[in-house]
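To keep things simple, chains are lettered A, B, C and D as they appear, and every chain counts its residues starting from 1.
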Amino acid sequence: MFSHETQIRVRYAETDQMGVVYHGNYFPFLESGRVEAIRSLGMSYADLEKIGIQMPVVEIQCKYLRPARYDDLLRVLTSLPKLPTDHRIEFHQEIYRDSDELLFKAQIKLYFWDKDKNEKTVMPAALLDRLKSFYHE
Amino acid sequence: MFSHETQIRVRYAETDQMGVVYHGNYFPFLESGRVEAIRSLGMSYADLEKIGIQMPVVEIQCKYLRPARYDDLLRVLTSLPKLPTDHRIEFHQEIYRDSDELLFKAQIKLYFWDKDKNEKTVMPAALLDRLKSFYHE
Amino acid sequence: MFSHETQIRVRYAETDQMGVVYHGNYFPFLESGRVEAIRSLGMSYADLEKIGIQMPVVEIQCKYLRPARYDDLLRVLTSLPKLPTDHRIEFHQEIYRDSDELLFKAQIKLYFWDKDKNEKTVMPAALLDRLKSFYHE
Amino acid sequence: MFSHETQIRVRYAETDQMGVVYHGNYFPFLESGRVEAIRSLGMSYADLEKIGIQMPVVEIQCKYLRPARYDDLLRVLTSLPKLPTDHRIEFHQEIYRDSDELLFKAQIKLYFWDKDKNEKTVMPAALLDRLKSFYHE
């Protein structure tokens, strides 16, 4: 299974007056996790947009287990349990503090979207080929 | 069942380069919906914090059906299917454009949290009493 | 001189762990102030974009005098000391709590930008005509 | 003179529908620049808060020269032209893309604030001592 880890330092801007990260500010962290995961495959999300493919988020399920705090160095784990077979892709993502303290987990579903045709599309072959090697038996 | 509606004008800051509202920016809209719903009951969320009660978000399930756009005047519908019976409360929220175009829907679970004791608590009696009238048979 | 006032309720998302509004979150408040000021003239900023005109911010000077807090109902005053005569426009903006407590003030300079030609342009005549009435002797 | 450089990758969340970074989203970039600059001196801003010192922003002057774009790897240069002699500190900050394309520059003034006494204070001696070495003749 393909998985990837990236690190994010919590900014002051991302906290709220509860003294922890505002619940809506975890989604840019997840976004960075997915973006760096894709980049590690040799193609950036910016490259995808240049060839006319966008990836809008269509569904989220998430749980907040422990609060992330200012200046924490978070580990964002991004994994792809299944290869996409149509216009949909679903990532599983977890956010840890230090090696083993799980703070947050999410399942997040996105579509591959053809910007010019304004309709659903599929993952570009070049990216899919890279991914396939992670799912060989 | 208790339900409440509030309106929100989409800011430029809330869009992204896809030309629509960034998916993470719906959560402050939902927050405003819940805050105004509680205010309509005669007690503000700020009042709750003054008596030492915080309401951290612990779980979200949501679907993005159609994109909200810059300068849209959104209607945020907030409802409470069940009276809270312990430290948990779950809101159902929907965001519409105009009278009938559903853009987004979410179920969002929060805890009542005693800030000083740093432990779970329950909804203040004054607020619960106000709510009860909406659930009479 | 043209001036306009709009109200904004501070969201939890806009606070930080200092217990006040994060300094970077005043800029969406100013944006709302300018947008509503323009709308009061009979043309929305969204309309401007539809005819190919964008207004990027090019310069800001601002002072933070007293902190805005969660749930404050802020008054954003937007005024235009001089009619624009070229591609530049400068707004003076102030943010108050209640009737007379000045929290923040800013001078903010923007350009009129022709999106298709990708070059400077001027304020559309229809909008300029509306504004002129505020500067008659 | 003390100066420091840090890198920031632009997130999708930080763009707006103009296709560039929203003008208000440069301030968290500057914040990260200052925070990493202070950390390089052997004390984190989080450490400062633990000993009761906050650093609210009180004044900003800034210019937007060229737009930062999605996925840009920005270089944030943070320098301190003068050692602080009272409760005020002023940073000069610049944001570059690649080695030499200047996008944005700012002067940003902050106070040292004693959280418990709720009054102005000065830079902690330990931090000032570290800084002094950069201003020897």
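Here is the rule we use: contacts are C-beta pairs under 8 Å (C-beta built on N, C-alpha and C of every residue); 3 or more make two chains touch, one makes a residue touch a chain.
None of these values were measured; they are calculated from a predicted model.
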Q: Name the chain whose C-alpha centroid is farthest from the C-alpha centroid of chain C.
A: A
**Q.** C-alpha-based rotation, chain A on chain B, 0 to 180 degrees, nearest 5
**A.** 180
Q | chain A and chain B, separation of their C-alpha mean positions in angstrom | A | 25
Q | Between chain C and chain B, distance of the C-alpha-averaged centres to the nearest whole Å | A | 28
Q | Where chain A and chain C are represented by their mean Cα positions, the distance between them in whole Å | A | 34
Q | Sites on chain A at which at least two other chains make contact | A | 12-13, 18, 20, 24-25, 27-28, 31, 70
(Q) For a test of understanding, state which residues of chain A touch chain D in their complex under the given definition. (A) 9, 11-14, 27-28, 31-32, 35, 44-46, 49, 70-71
Q. Taking the complex as given, what residues does chain C use to touch chain A?
A. 12-13, 15-20, 22, 24-25, 70
Q | Residues of chain D that touch chain C when the two form their complex | A | 18, 20, 23-28, 31, 54, 56-64, 67
